[in-house]
Every structure is written in C-alpha cells, then in structure tokens.
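Letters A, B and C name the chains as they come in the text, with residue numbers starting at 1 for each one.
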Amino acid sequence: MKNLAPLCNLLLTIMLSVWTVLLWNPLPLAALLALELILIGYAGQAGKLARPVLGLSLVAGFFAVIQLPFDVAIPTAIASGLKMMVMTVAFLLLFATTKLPGLTAALVKQARIPYEYAFLFTSALRFVPDFLAESQAVREAQTCRGYVPSRNPVKRLISYAALVEPMVLRAISRSETMAMSLELRGFGSARRTFSQQIEFHGRDYLVLTLLAAMTAVVVLYR
Amino acid sequence: MLDIQQVSFAYPGHAPALKELSLTVAAGDFIGLAGRNGSGKTTLTRIMVGLAKPVSGQVLLDGRNTLQCGPAVMARAIGYVFQNPDRQIFRDTVAQEVAFGPEQMDWSDNERTQAVADALRMTGLESVAAAYPRGLTRSFRQRIAIASALALKPRLLILDEPTSGQDAEEKAQLMSLLDELNQQGIGIILVTHDMELLLAHTRRAVVLHQGEKVFDGQTEELFAATTATKVSEWGLRVPDVAAVAAKLEKPLGAVRTVEELADRIEGRLRGDEREKPGAPM
Amino acid sequence: MQAIQFEDFSYHYPKTGTGLDRVSLEIPFGSFTVLTGANGGGKTTLCLAMTGLVPHFFGGSLSGQVLVEGQSTAGRSVAETAGGVGIVMEDYESQLVSLTVFEEIAFALENQGLPAALIQTRVSEALSAVGLDGLEQRELSALSGGQKQRLAVASVIASQPKILVLDEPASALDPEGAEELYALLAKLNREQGITVIVADHDLARALPYADTVIVMEQGRVALQGKPTDVFTKMLTDQVYAAAVPALRQLKGRLEKEHPALSDWLNVDAAASEINALLSPKRRLSLSA
C-alpha cells in the first residue's frame, strides 16, 4: 500500500465505501471486510488497528442484533451490521495508510482539486494524531481529579463537558497559531509550485483497472 | 507510605521503560525526581497514580496493593498535577473548577464545601475564587490545577514540571507554595529539569537513567558527592552554586542557594570559622 | 541599517488593550539577543511585531514603526516581511501544518513559486543544518518533541532569512536538549551570520552565546545592553532580579563588600576568584 501513488491509495478507500453502499448481501460484504483486513495486514498496520477493529466489530454486532426485535430479516440485519463495519474500517484504513508524502500535490495535480481544499484535507489528517493524543491527555488529567463517567446516560453526556471543553479551547488556540503560520509562509500565493514528483506507475494503473472492474461487477451483479 | 517494589514497564515494541525499579516514599517526603527525557520519570509517576500498570512488580499504598485501583480512586491518596493546566480547566469560576473533584466523590455537601474552601486557602486562591480561570495567568492556572488535586485531600502530590512556562518570580512563588504544603505534612514529588530548584527546595533526590534508579539520597549529596561526569552522563546539570562550592580549596560544606553560599563566604572572610554548614536559608 | 529597529513603537491589542509602550531599540545584523522579562511584560508581542503579525494578524492600534532590514513592517505583507525574518513560535507544534517533513519545509518555498530542483536542495540543506538529515519522508506524527522543534527551525531557515526569532523555544526540552538547541542557534549565528533573537526565562543557558540582553517590563524595554551590564542593572535596580543567573547573583552579593570582581563567565572563573579572596595571604593583607 505504501508503494502506491497517494491518489491511488485514496481512491481505493473511497471505492471500498462506494461498493459498501451498493451491496446488500451479507456474503459479498463479508468478502469486502476480508479484503480490508488483508489490506490492513499487507500495510503492516495489523498491530496498530487490531484493537479498534475488534471494538468496531462488537459495536457492529450489537447494531445487527438490536434490529432483530423490529421484524428485520436476519440477513438484512447482518448486512447492515457488516456495512457499518466495512465503512468504518475503510476509514481506519484511510487514516492508517494514506498519510503519504505527496498527498496534497497528488490531490491538486492529479485529482484537480483546488489547492485550498486539498490543503484543508491533508492538514486535517496532520492533526488527527495530535487530536487523539490531546484527548487522551485530557481524559487522564480529569481522571486524576476523580472523574469517572457516570452510568446514567444523561449525567454522562453532561460530564463529557469536562473532556470536550478543554479540547475545544485548545483547538481554538491551535488554529490561531496555524493561521499565523500560514500567513507567515505565504499561503494562498498565486505563484505556488509543487516540488514533489507524483507519477502513476505500473502497479497504480493495475490497481486502478482492478478498481474499475470490481465496480462494474458490483454494479452489475449486486 | 508508598512502596514501589521491583516495578518493570515496557511500551509494546520498545525497550523497557522501567527495569525492576524500587522506591519507598515516606509520608511528608519532599523528593526531586530527575533524569533526561525518556529516562522513565513520567512512566514511574504514571504507575504511582494508576495511569499505567506495571508489567511486573507491585505498588503498595500503606501496605495494600494498588494495582486494582484506577487513577480516580488513587486521586484520594496521591494528587497528580500535570504540566499543562489548560488540559483540565473547563469551568466558569475558579471555585467551581476546584469543586469538580469533590463532586465526583460520595461526600456530603458540607464535606465538599469544606474541601474546596481548604484547597483555595492552601493555594492562596481565595481572592480569585469567583474569577474566570481561563482569564488568569498561567501561574494562576497552575495553582488552580494544584488546588484541584488538593481538594481530594491527598497525602502526596506529584507535580510534573510545574514551573514550565513560568517566569523567575512566578517560579519562586510556586516553589514557596510547595514548601508550605510540605510543611503542612503533604508529601511532594517534584519532577523537574531545573537543578537549581531541585537543590534549593527538595531534601531527597531520585535520579532515573535508562529506566533504572541510579541515585536516591540527599539532594546535596547528588551534586557534592557524585562526580560531575556521572551527573552529566545522566543528562543533568550541576547547579552553578554547587559547582562553585565544590571547587573551593577550603570546603564550605554543601550549599543549596546563592544566599547560603554568599553567607558562608562572607562569614569566612569575616574570620567566623565556626560557621555551621547546613543552616536553613 | 539595522536588522531590526523599533522607532517609538506603541501597540495595543484590540481585546485586552495591553501590548507595547513606546519601544525604541536597535538590533544589529549578526547579533545574538536574549529577550527576557516577567510574563505579560511584552516578550511575545515584541517577537510578533518583528514579523509583522503584530499588527497585521491581530489588528489593534499602533503608533511609531518597526523596521525589518530597513523596511517598515506596516507597508508590507506578513509573507514579504517573513522572507527576511523567520519565527519559531512558542506553540511550535501548531506551527507545523504538513503531513511529512519534506512538505513542511517545502511549504513556504512552494508558496514562493521556487523551482522544484532548488526546493529539493534547500530542504536537504535545512535538514542537515538542524541535524535531521535524511528524514524527508518521515511523518510528523513520528517525530519527538525535540525533533519537531528542529523541524520548525528548519522550515524557517529554508527560506534563508537573515533574522531568526524564537519565542521560548526551550521550555519543553530537557537541559541537554536546550543546550543542543542553543548550540545550533549559535552555529547559525556564527557560520551563516543569521541574527538571532531568543525569548527565554533561563538566562544562564543563553549566557554563553548572547551578546545582548533585553529586559521587558509592562510593555516597555526596561533594560538593554551587554549581558554583564544588564545583569548588574537588574540587581541594583531590582528589575526582574530573580532571573539573574546564579553566578551573577553571587557576584552581586559579594561585591557589596568586595567590589571590582572580574566578569564571571563560568564556574571556574568564579571559583578561582573566590579562592583568591579566601586565601590566607589575601586575608592577612585585609586584616593588616
């Protein structure tokens, strides 16, 4: 995965989500999930993603089971659980593997996305790990003051303020510094160039062809 | 009070962060915990408060194993003050902010009110009890974090680099607050890179190096008896006061502050040979 | 022409009304200045005013002017001023906006429209100057705190500014990390002639490198000059005296009764002079 051109990588994740939307049978959805898991293993992210994937499967299982009392057919319930699972794992895959050099350049030069939007997207990715670390730090700080999330859902929601507010305030101060940084470095200049070489290679074309073929199969035989 | 026995810890896929480390903290201790970044200081303090579980070894609080206790429970015995107070401050007034911890406890309203009042008084925050915490300076916000920990009536307070971002005068004020708290019987573990503060204020120093405890003794001894090469191998810096004192041909004894060293030199110059070492500043 | 010149510059933030009060100072090219003073005294505002972010980014009212390389910051865009003066802000992690090391350093250069080959060269030069050689493809999330700071320095010097401003750069570093950072700044100052301005509370670690100290107090320049003279003034006039390095405080105390001690630039100099003071010969002559 790391050897693919960034845009190709991104397309793969997007197409996974598209197929998921189109498919309604548990079997092909299960196959997609298997494909995703293989890709995660192939990308060397198995160790990092094992826990979130396990957690997601529990949530998805719960989501499937909870529909049964409402006269939903068992295959449909399973399919909707799987759908949710495949979609979210696709996003995990995206975050875990597309942080590649040249993604911004690829979005602008190959996908023809305006630079400002492409930048917005990649800089958001840049802050995902920081955001996760920050939320962990805030949670720990509050726990050390005796904070335990309440069992009562309403109280629990209210008590989340203790976690959310410090993070929001931090995000605001961060975005101010970031805005200064952008201004200092001439962001938005009309003269902008891209210095990274991002070309499609044989394997990228191969993956793109496979993606197209797979989409055709899904559309025709769903 | 706190007994750490042969504790080891490792983050998955990394070299061990702590190797069979043992440490006993007595009630009312004032300990400086030093070592370079990555030496295991933070891992050790996280284990003390239950934020991390050791791979092996035990942590005993008053003789009882704490490994089953989460940090929210441990907070009643050991307060943890994080380096950045902005990661926890979220309420509209200082008093409300400090009351957050007591509200999580199954205390009576009276007990809660009293705990908050005590914490504000101990940290000198009574005058700003109704102020908006985020509008106060960093040094006040640091005090609010300390008050928040004290509100749960811990017997030991761990502070991670509490003086970072503070100017020289704020640092001095914060350190005298810690001195006062310690005099009231609260144990202090000060995690710091600032060796001048360590020397001036702590009685006992613990140094970690590559996950092992390499020094545990009187703070003056750390800089007087330990060779300078060892100290720098551990990533520490001998405070200038101690370095000058160590280079004097006629030893003046261990000194902790500039004032103390100046007093000794002047005493010697006045011919007062009976100057006693170790007098408080 | 000075690297930076404040001409009777006053500034007030729109919200709080605090800021700078009639600041006049000159920072010559090639100098190494340490900026200190109590929190809230105007250090950060002074740093931001050198880059034009004050007032361009914050708004607010001002009088007087700031000249960077002889050009008023008021008449140029922030990006134009930044071509001559680079800043590493206190929250340097938020200053970094890209996914990878290469993109971060190339960011400003690409915005300037430089050709790709030149950018490649500049990026590897900047990385090697800060000791991060070969980490071009590394993701930012995989860097340590100290490495991120070096990256922030690299991304600034890649634009080849003549002036480098750093706002409390060492506050998250351990003593060794801080020393390495100062050594790096001293190297840039000495070898490339970059004018360095560092805001720091710890004057002891800056002392071996700095040729000028500025003390800010309530938005004004309280003291400015050679470190030795400024330290003496800080002690005698009680201006932020608590920040005077320990050796200078000791010297200040002893000089009350034994004036004319030499400059104590290091521990050895201090110890040998105290030894001389305490030696029996000297004491004999004193009592005689």
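The rule is short, and it goes like this: a contact is a pair of C-beta atoms (placed from the backbone, for glycine too) under 8 Å apart; a residue touches a chain by one contact, two chains touch by 3 or more.
Owing to the predicted nature of the structure, the values given are computational and were not obtained by experimental measurement.
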Touch-based graph of the chains, sorted into line, ring, star, complete or other: complete
Pair exhibiting more inter-chain C-beta contacts, A-B or B-C: B-C
Between subunit B and subunit A, distance of the C-alpha-averaged centres to the nearest whole Å: 41
Gap in Å, rounded to a whole number, between the CA centres of subunit C and subunit B: 29
Where subunit B touches two or more other chains, by residue: none
Subunit B-touching residues of subunit A, taken from the complex the two chains share: 47, 134, 137-138, 140-148, 161-162, 165-166, 169-170
Residues on subunit C engaged by subunit A in the complex (per definition of touch): 51, 53, 56-57, 78-79, 82, 86-87, 89, 91, 93-100, 102-103, 106-116, 119-120, 136-137, 139-141, 155, 159
Subunit A partner contacts - residues on subunit B that touch it in the complex: 12-13, 49, 51, 70-72, 74-76, 79-80, 82, 84, 86-90, 100-102, 104-105, 134, 148-149, 152
Of subunit C, residues touching subunit B in the complex: 37-40, 145-146, 168, 171-177, 201, 204, 240, 242-243, 245-247, 249-250, 253-254, 257-258, 267-268, 270-272, 274-275, 277-279, 283, 286-287
Contact set on subunit B toward subunit C in their complex: 36-37, 137-139, 164-172, 193, 195-196, 235-237, 239-241, 243-244, 247-250, 258-259, 261-262, 265-266, 268-269, 271
